[in-house]
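Shared between the two complexes below is chain A, which pairs with chain B and chain C, respectively.
What follows is the complex of A and B.
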């Protein structure tokens, strides 16, 4: 990870320096070193803050909607974006939906060995964390703290989304910096969905009620989601009749999430950003994965964003399509 | 200010017996915006319509709700009445308190409550209605008939007779369909080809009819009045306009292993063949899977012997593109596969045949020259057992749940013909019921049973097997209440019929609806039996449901008269309830375009001023002439940019809210 990181930063500087790109969309450390957040770097100078480390979980694809539109006018130059393998699915999906001007983008595919979740590190008893370093060997990280050092197994502290990594292959790029071999997907991403499916409708309702009532309607999930990229979201549009920004009642909190899940069904690339950003720890990915699993079951395996220009099963019709009567089991499923 | 009127119909006792109309009126009067409400016995009558017209004028109503039957019945009536009184017809809403309420409920209290809810929803909707204006579209004066069986032929002849050009697209090398394969036809026992051939010839010679055989429709776009179709005419490898139909090629072709489809595979035919003597067009066709020349490059015998020079091994599929005002589906049927029913041993015993195979065996042009011989050894059978309802009325899932309608009659026909020609042959028929509704049908069946001594056994067959060179049939006789075992020489299975396997594909292409058995659905089973719910698509023949020839021909004529009615118009009024995209909300994501079944959505990239932000954006544009108002796009649009005039998201939400109140 260290080596890739150095190469990525150096290459970004080079591309900016030689004029290939005029902007870089990357990550910058926030208040703490693990608070890496998306940032648009507009000068060579500013690139000193560019980072690429175990905490760069944020998916930068969505930032390319604004940044790829040639708002700078003629000769403004391309915009460099750093994309991890999983991020490329979102990028492709946005291309499919004509939201990104590919012409104006230079994609640097960056290798990734899994991104970490600081909360999971904390859960293992570390306090006053000052650094997270790659151990010399094995699958371990060295955690330095104000009170000393410790080690953790990387697999124990990955982001939820990295538990079921889609694989190390970039689906779109102009240039690649990666040491990884693609070993295909990790883990069983539908395990949680199967558990939900096994519940009775009452149990499932209770599960979601408990989870969703934690929602504070901060809108972080929606804002981070690359599928939720509408110019004007229905929840911000007074004329839609469903606009609202606060949880006024328990019906409303559920409807927000159910409407959102329907809106992204078939377009969600399972990038995991919703669950990653939710300050309340709501497992939002379970909604999306349920849809993905159903789509796979009903229409055959489909991965949104695998290729640009795909025609998703929910927006195409074929004679082999399942009849609604076969897809729906009355009484909840 | 909204000034609404609500009119509650009793529909005689249809509504009034289950819905307290007075209460609906009373509740209507207190709805927001409602200034007038009244009930009447028959709102659709002239007197009823006058109540509406008078109220519109007297109270200056700018929107009305009629609580009555389904809008399918009388929406047009009430819109017309409103228009006559000066109100925009799209300011009329119907609350369906008959089909959706009184007809399906018994309890008057609950029925009344529901009627009030439906009324409230319609009032909530009409409050948001806006006046709309219908447009006009052209009518291309040409019809397309898909399928050249008796249904397609008759429809085309009738349309052509009225002076409109028609194209028949037939997937086989000849027109004629199943009727061409039949020997004699019930109930009059006239020879099938004797009555069909003249029709086929007429179709060929009629100057308004173009036959496009060995062809399939690949794509259809457009809408009523102006459909566009792309037709693939498969390569025959024989020049259609040069071949004289002499048949020399057939006798010289060394590849003779092809199964003769026309004879249901009971004998073989050469790779180059004319399906049958009366085929129209009477032109040979090369089966490219069997032709030696096309597969190995060698042979070429047919080209050498053809004195007309009609053979062309390099022929390619051709495409025909044409516009049509109306399309008729006449894709017919096929018998289901009998090998699914192991108990009848169809796939293992040669002497177990289907009824359609028997038609070929009895036909003079068939594999045995019309002599009744058993397929296994070509010997004369002394006993035949018929089994009716093979796969019909079968709810086990192996067969079809419906009655195939024609089997009782053709089995009686077969039994009678055999007894007549070969009085030495014993004939037994196993049946569940004998169903003979139809003119002269019961008389026909009784003649078989009484005059021709056909042994009808009420009961089902459990098993058929081969033993010492003959067949054994075990069944039950329900009337004698005993098991019976019969030794016999042949078993004939009256297999169920199902729609042609391409029906689903064709229906999807035409956006015509189809039922769970793949039969095409009518717009209304009683009142619009030859129209599909999709405007401009008509139904003819067995593709709509099992039927015999007389019924097929009457339906074909009915479909033709509907087509003629449509093609006689110079302009059609278009539905103003079309989709519209708000360019400020549109993401340009193309989701709507992908779901639009009518190809009505395209994109435009232009400068947009979004509250002061000037940006070049890609936005959706709806072609109002193509949009059919199906609403698919509005559902898929994530941002709510796409909306349907007359059925806006807001109107629907208002209705839902009024219901949930």
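What follows is the complex of A and C.
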């Protein structure tokens, strides 16, 4: 990671210096080692704070809606964006939906060995976390805290999305800096879905009731989601009749999530942002993966964002398509 | 101070005794996360839990509450105001930062025009604070002059070893401890007072070591020049990746803005109020549109309010208590500390 990181930072500076790009969308060093923030760097000087490390989980694709469209114009130069392999699926999907101006973007694909989740480190009992050290070899992080020191296995504290990484191959880029062999997908990403499918409807209802009743309707999941790019969301539109700022009852709690999940079905690339950002730790990816699994079952394997310009099965009718009634039987429940 | 004590393993008895006559709120775990919720037998209390996701403010200022109900019946229309809180309740386990958060809300809701609903809850609620167990690296209550070792409220308490030590600070607090007579024991002797002091000293030691211990409010507050602060060019970069979500607002113990909305229930209309966020695009929407059309302006509003407008309105007091929730929960890791370090006094670099 160290080596890739140094190369990425050096290359971003070069591209800014030689005028290939006029802005860099990357991650900025935070107050602590783990709170790197997405940032738009507009000067060479500001790039001193650019970082690329184990805590750069945020997906930067969606920022390219604003930054690629706003760019353009005479001599404005391109905007450099750093994308991890999983982020490139979101970028492609946004291209498919004509939300990004490709001409104005320079993509630097960056290799990734898995991103860590500070919340998972905290869940393991670490409090007052002040530092981290990654050994050159092995798979351990040494965590220092105000109350002592301890070790964690990196595999135990990866972001949820990295548990079932789609693979290390970038699906779109102008230039690549990566040390990784693509070993294909990691883990079984439908395991959680199968567990839900095996439940009785009552158990499943109780599961979602407990999870969704924690929701504070902060909209972080929606606002972070690259598939949620509507200019005005129906839930923000006072004329829609369902605009709301809080879940005032348990019906509203569910409605928001079910509508959102349906709206991104077939377009969600499973980038994992919703689950990553939720302050209440709600496993939102399970909704999306259920739809992805069903789409795979009904229409054959399909990965949104695999290529730009794809036509997803839900928006391209073929005569072989499964009949709706049939789908219910096939889906079982 | 008159100290009362109870062994930690008997807290369940204490909770049950309180709950006999009053509703009791405390941090409750649900699907892996803690928030304030009503106590039920077996709920338990984990002193190691530092923060609930949402602050304790919701017990006095709920995320949504009905105010008026309209009902149409043929040609007649009935209008009923929802009655303000009229039953006593207790909130247990609040740390110094969240207690100070109540004071931030008090200045707004209890000054003219007084907020009836908030006032009723404040009057009926008794706050039992507990000195926090293990502060996190994100804590910076000291920056705002909050004394974490004297957590305040109506009853303040400390944990040392296997014992909870309690002390009443107000009449309401005394009444509560009197009611618990027989369950909590008198512990007003030198030994117990020493245990409390030692626990507080130990806590102070940790507070000194916190990474944000030196953060100051220099450059903000009443003395700062409003227009200079408002016009700082750094707001652009600070806000460049803000998602405009409501996370920072909704987890914050001091954010106080709300919206009033109406809902057609099918057989009537409910008028209710809900927390609002200045980070949202339709915040304070007017007939001509939004007064803050860009995220930069909305982002600036949140921090100017906490660090400049509020202090101007309330005699220099800040509208942040340094609980650190926004540091832990913002999806893009932007927060008030980063803003203060960027725009504040030279000492903060």
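Remarks
The working rule: the second predicted complex is superposed on the first by the 320 of 333 C-alpha atoms of A that agree within 3 Å, B and C clash if a C-alpha of one lies under 4 Å from a C-alpha of the other, contacts with A are read in each partner's own complex, and residues count from 1 in each chain.
Quick note on the criterion: a contact is a pair of C-beta atoms (placed from the backbone, for glycine too) under 8 Å apart; a residue touches a chain by one contact, two chains touch by 3 or more.
Just so we're clear, the structure is a prediction, and the values are computed from it rather than from any experiment.
In the superposition on chain A, A:319 makes contact with chain B only, not with chain C. With both structures placed on the common chain, the touch criterion links A:216 to chain C but leaves chain B unconnected. Residue contacts after overlaying the shared chain place A:238 against chain C, while chain B stays out of touching range. When the two structures are aligned on the shared chain, A:146 is found in touch with chain C, with no touch to chain B. Taking chain B and chain C in turn and counting the residues of chain A each one touches, the greater count comes from C. Of the two partner chains, chain C is the only one touched by A:46; chain B is not. In the superposition on chain A, A:69 contacts chain B only, with no contact to chain C.
Of the two partner chains placed by superposition, A:289 touches none, neither chain B nor chain C.
Within the superposed three-chain model, A:130 lies in touch with chain C and out of touch with chain B [touch as defined at top]. The touching residues of chain B, when paired with chain A in their complex, are 504-505, 508, 516, 584-591, 594-595, 597, 603, 610, 615, 618, 636, 638-640, 649-650, 653. Within the complex, the chain A residues that touch chain B are 69, 71, 96-99, 229-234, 237, 239-241, 263-264, 311-312, 314-317, 319, 323.
The touching residues of chain A, when paired with chain C in their complex, are 30-32, 35-40, 42, 46, 58, 63, 127-130, 145-147, 210-211, 213-214, 216-220, 222-224, 236, 238, 244-248, 276-277, 279-282.
By the touch criterion given at the top, residues 30-33, 35, 48, 50, 53-54, 63-64, 134-137, 206, 209-212, 237, 240-241, 243-247, 249-251, 259, 261, 263, 272, 274-276, 280-282, 285, 327, 329, 331-334, 337-338, 341 of chain C touch chain A in their complex.
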